[in-house]
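Two complexes are shown next, each including chain A; its partner changes from chain B in the first to chain C in the second.
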Partner chain A sequence: MSKIQRFWYSGMLSTEDWWAVWLGLAFFSLGLLTLLGIDLVGWIAYPSKWVFSMPEGAISKKIVTIDKAFYPLGGKYSLTARDMYQSLGPIGSILVTYIIFTIATMTGAYFQKWDVKRYFIGWTFIFFVTYLVWFIGHHAFFAASAVDLKKSHFPAMFTLSLGGGASFILALMVGLIIGNFFKPLARYLSEAAKPEWFIKTAIVFLGVKVGYLPIKAAATSEKIGHALADLTLDLFIAGAAATIVAYLIFWPGVYTISRLIFKLPRKTAAVLASAISICGVSAAVATGGAVRARPVVSIMVSSLVVVYAVIELVILPGIFTHIWPGIKDPMVAGAAMGMAVKTDGADAAAGELLDEFMRTKMEETSNGTVIWPEGIITVSAVMTKIWIDMFIGLWAFLLAMIWVYKIERQEGEKVPFSEVWFRFPKFVLGYFIAWFVYLGIFFGPGHGGSAEGMSVLKAAEAGAVPVEKGMRKLFFMLTFMSLGIITDFKKLAEAQFSKMVWVYFIALFFFIIPVASIIAYLFHHGMTLPNMAAPGSALFGG
Partner chain B sequence: MYSDLASGILYIIIGLTIIYLFIDRRKRLSALTPEQLPGLDHETYKELIQLLKTIYERMLYLGVSFFPLALTSFRGSQNEAKFAFLLLILLLFVSNIFPRNKVMKFLYANKIFLDDLKKKGIKL
Partner chain C sequence: MNKLVKMFRKNQIKTLDMVLTHDGENWIASNKTIKQVASSLGELDLKIENALRDEFADGKRLNVFMAFDNEAIPMWIRPYMNHYFNRILVLPIQR
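Entry: the complex of A and B
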C-alpha cells in the first residue's frame, strides 16, 4: 500500500470529504442554536412556485407572484427573528446567502489548496446561474401540479407538474450546455464546479432532514411522528442488508462480464467492476490504488462513471415513477436507485427527483387525499448509497489483501487495517451525527412528539428547516449544475474508451439495474409511507 | 461428497417447509375478515394485513433462497458460493425482524393479544 506516512487525522483540513463534514456540521450547529432562542440560519433564500400575475379569483397559497418568487425561510419558520428575516426580502436573502456561503466554501477552498481567486470567480458564476435556474424552474408551468393549482384557486391549465424536479433538470441541462458547448468556460469553472463536495455537504444536511422528519410529522400527529422514526430506522437496516447482497452479486458479475466477454486485463476489470458495481469514482480510485492499476485506468473509469450517472439520473426517476415499481412501492424505487446510480451526487439528485415525481404523482392520483412526507424517498435512495460508501474502505482493503496475498504474492508485504479508516467516506459521520442529534431531540426533550415536548420541537424545527430544506436543496442545485459542467459527452466517443463504454453499458443496463431492482424489492417491498393528509392513519402503502 | 448431498437435501427440505408455511399462512390471512377483528377500524385493519403480508412475503424469499444453497451443495461448489447464500438467508431473516416488531407494537397499541390472533388462524 501507500508508503506515505499517515495518521488517523490526516486530511482533516485538506480533503473534500472532511470539508463536507465541517461545512455541513457548522450549519447544522448554527441550526441547533434555535433551541436556545438564537436563530442564525433563517436568511437562506428559498423559491416558491410563481407566475407573472395572478389570474382573477386566484389566491397566493401554493403559487405566488414573481415578486415573491424567493423568500428567506426564517421569515416563515423563525420563532425569534421572523420580522428581521422578512425584512431581507427576496434579493436581500439571496445576497446574504451568497455572502455566507462564499465565505464558508472559500475557507474550504483555501485549506484544500485550490486556486482561491479562480474558485471565487467560478463560485460566483455558478451560484448566481444556479439561483437563476432555480427561479426559472419554479415557474408554475414547470413546477405546479394540479393540486397546487386547485389549492391556489387557479383555473385548470396545462403544467408539466415536475415539482422541484424541474429546477434540477434545468440546472443539469444548463451545466451540460456549458460543459459541452463552452469548453474553455467549463475548464475555468471546473475549479469551483465540485459536485462531489457539494453533494457530500448536501448529504450531511440530509442527515438533518432524516432526524427532522419525525419532528415535522409530530406537528401533524404524534402517531405519524413515531411511524416516520420507525421507518427511517427500518430503512437503515434494510439498506445495510440490501447493500451487502448487492456487493456479493454485483462485483463478481461485472468482473466476470469484463473478463470473459470483453477480455479486459485483470486489473482493469477489477477497477471497472468496483466502479460499476460499488460506488463510482471513489471505488474506482480506491480499487485502482488497492490493486495497483495504472492511474490512467482509474481516471478513464471515473469519467465514464460520471457520464453514465448523468444518463441514469435523467432516465431512471421517470422509469421508476411511471413504469415500475411506481407509486405502489416508493421505497423499492428509492433503494434500487441507491444501488444503481454510481455517484453520490447523481444518486442523491436522482433520489430527490424521484421523491418529487412520486409525491406529485401520488397527490394527483389520489386527488390530494394522500400526501407523502417530502424527502423520505430520497432517504431510501441515499441510505443504500451511504452503506455502499461505508463499505468502500472495507472492499478496498479486501481487494488489496487478495491482490497482495493471492494474485501478486509478494514476500513480506502487509496491508495495514488503518487502510479501512483512510478509505472510509467521512461525510457519512456528519450525516449520522446530524440524524441522531435530531432523533435524540425528538425522543428526549421532545417527548416523542407529545404535547409537553411540542415547544422544544417547534424551536428545533425553526433551526432544522432552513438547513434541511433551503441549504440542502441549494447544494443539490449546485451539484446538478456542477455535474453538468464537468461532464464531457465526447469522452464516450473516444476510441480508447470503446471497450469500457460497452462493458459499462451492458453491465449497467442488463445486469446492475435489474438486479438492484430485485434486491431492493426483496428488502424494501411492503414498507409504507405515512399519509400527512390523514393524521389518523399512520401508514399508507400507496 | 455424501455430506454435500445430505446437506443439499436438508436445505431443500427446509426451503419446502418454509414455502409450505408461507402458503398456509397466506391462505389463512385471505380468509380473515374485518368482522373477526371488531376492535379495528377499516384503515387500521388494512394496515395490519399489509404488515402481515410483508412478513409472509419475506418468509417466502427466505424459503426460496434455500434452493440455490442446496444447488451449491449438490454441485460441491466452493465455500464462497455457500457463504454468499447463507449470508443472503441471514440478511433476509434479519430484515424480517423489523416488520415483525412493528406488528407486535401494533397489536399492543390496539390491545389485541397474539393468542387471539392465533385462534383466528393468524400466526407470526
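Entry: the complex of A and C
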C-alpha cells in the first residue's frame, strides 16, 4: 500500500508528526482539567536524587533514600487527588505510567500501521531500561551538586554534579552500546525506538513548559512571572534570526564548499547543504524531493546527519557550559545550540542537557544564592530550531521552482503550492497551542500573577507540572535512549560517504558552529534569567 | 449563456491522479489503468503523454497529479520528513 500526501489532511492519522500532536495535546488537555478540579495526570513517576542510606544528621530535602527514588508528581502537586496519587508509591506510579503510555503510544503505532506486537515488546524493553537508567542517573554520586548536599545536611563528599544531565548521558550511552554492539537487538528495537516521535511529543509538552514558566515564577513574585513571560516572547522574536542565518548564510556557504572544494554534483551539494545548514534529515529529504534527486541521495545524507547530530549532542553542551559562553550567557549557548545541532531530537536533547549543566553550575558557583528556572535554556535551543523548521516547506518550494523552471527545466511540469503544507512540521502546532493556552491562563483568569488570580494559577499548576516536568522529561529520556539505539557509527566509515563525511565535518566545525555562536551572541547576548532563589529581587543575568 | 457554459466545460481542466515512486534505478508512475517506467522524469513525462494522448484531444488540457509514494523512503527516515515531493504534469506538454 502506498503512502502518499494528496490532500491537506493526508497523514493526520498515519504519520508520527501528527501523532506527536495528538499525543502531546491529549495529555495537555488532560492537564487542563485540573482547572475544573479533576486531576488525571498526577500519576506520572518522577525521580529524586537518592542514596542507599542517609548519613547521620542528614535530612530528606534535596536527596532522599532509595525507597523514595521515584514519586508520582500528583502526590506533591495535586490539589484534589494528592492522597490517591501518594498511595501509588514509586512502583505503582511507574506501572501506571507504563500502562497509560503503552496504550497511548500503541494506539499511535496501530494507526501508523507498524508491527504492533514488535512495537509492544520493543517499547516495553525501552521503557523499563529507560526508567532503570533514570533511577541510576539520579544517584547522588552522579546528580547531586554541592548545594544539594548542603541543603540536605550531607557531609562534604565528591559527586559529579551533573544534575539531571547524568541520566540523559547514561541513557544515550546505553542506547549507543545497544546500537553499536548488539545490532540484532537494536534492529528489533528499532520498531519502537522512535526518537523523532518522542522528541516531537516532548516538544509539545515543552509548549506547556513555556506557558507555565510565568505561572511558576509568579508563585515567587508577580514581577518575576512577568519577566519570564517577556523573556519567552523575546526568545521567540530573537529566534527568527536563526531562520535568516540558516537559509541565507549557512546554505549558500555549505553549497559553495561542496561544489568548489569537493566538486560534488549539484543535486548532492544542494541536499547536503540543506542537511548541514537547516534541519538535518527533514531538510535532506525535502530538498532531495525539491531538486528531483533520486531518493538514495537523501538517504545517504540522512545517515550522516544522525551520526553527526549525536556527536554534536555529546560534545557541545559541555563546551558551551565550561568553555564558552558559559553561565555568563546561557541564552547565547541555547540559541547557538539550536542553530548548530541538526535534527529536532538531538537539538532538543542537547538543549536539555545544556539546561541541566548550566543550572547546576550556576547554583554551585553562586553557592545556591542563584537558581535559574528549569527548562528556559532548553526553550532557547528549541525556539531557534522551530523557527528554522517552519520554513523548510517554503524553502523546498523555492528550490523546486528554481530547479524545475530554470536549472533542469522540465517542460509541462508544475510545482504544486500544497508542497509547503505537506512539508510543514505539524508538531509545531501542538507546541504553540500548548504555550499560548497557558500564557492565556496566566494573563487572563490568572490576572498576570496577582493575588486575585492565584487560585486559578495554582489549579493550572497542578495539571501543568506533571506534563511539563514528568512527561516531558520521560520523553526526553526515551529520546536519548532511542537516539543511541538507532545510531550506528560504522556508517561514517563506509567508503562511498568519504567526500560527504569531510564536507560535513569541515562545514560543521569550521563554519556552522562558529557562525551560529557569533549570531547567537549578537541576538541573545544580555538576555537575563530570573533568579528563583530571590523573591522580588532584581533579575540576574549574565 | 449556453455558449458560456460550453466554453467553461471545454476549458475545464481534468485531473488524473497517479502515484510516483523510484525503485533505485527508474521512476515509475502508475494508477489503476496505466504504468510507465523511465530512468529520468523528462522521459517519464513523454511516455505518459503518449499513453494518455486520447485524454487531451480536441485542444483540451489534462493535469496529471503525481503523488510520491513515500514508502520509497526508508521507514527510519519518514518520521523526520514524511513527504518527498508531488508534481503536476500539464498535458499536452508545451514545447
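Details
Keep this in mind: the second predicted complex is superposed on the first by the 535 of 542 C-alpha atoms of A that agree within 3 Å, B and C clash if a C-alpha of one lies under 4 Å from a C-alpha of the other, contacts with A are read in each partner's own complex, and residues count from 1 in each chain.
One rule holds in what follows: a contact is a pair of C-beta atoms (placed from the backbone, for glycine too) under 8 Å apart; a residue touches a chain by one contact, two chains touch by 3 or more.
The model shown is predicted, which means the values in this text are computed figures rather than measured ones.
In the superposition on chain A, contact of A:L248 is made with chain B only, not with chain C.
Residue contacts after overlaying the shared chain place A:K414 against chain C, while chain B stays out of touching range. In the superposition on chain A, A:D347 makes contact with neither chain B nor chain C. Look at A:W197: by the touch rule set out above, it reaches chain C but stays clear of chain B. In the superposition on chain A, the chain among chain B and chain C reaching more residues of chain A is C. Once the two complexes are laid over each other on the shared chain, residue contacts for A:E16 go to chain C alone; chain B is not touched. Residue contacts after overlaying the shared chain place A:H525 against chain B, while chain C stays out of touching range.
Touched by chain B in one complex and by chain C in the other is not one residue of chain A. Taken in their complex, chain A has these residues touching chain C: 1-6, 11, 15-17, 190, 194, 196-197, 280-286, 288-290, 292, 294-296, 298-299, 302, 343, 396, 400, 404, 410-416, 418-419, 422-423, 486.
Taken in their complex, chain A has these residues touching chain B: 230, 233-234, 237-238, 241, 244-245, 248-249, 522-523, 525-528, 534, 536-539, 541. Contact residues on chain B toward chain A in their complex (touch as defined above): 43, 47, 50-51, 53-54, 57-58, 61, 84, 87-88, 91-92, 94-95, 97-99, 102. Touching chain A in their complex are the following residues of chain C: 17, 19, 21-22, 24, 41-42, 45, 49, 63, 65, 67-74, 76-95.
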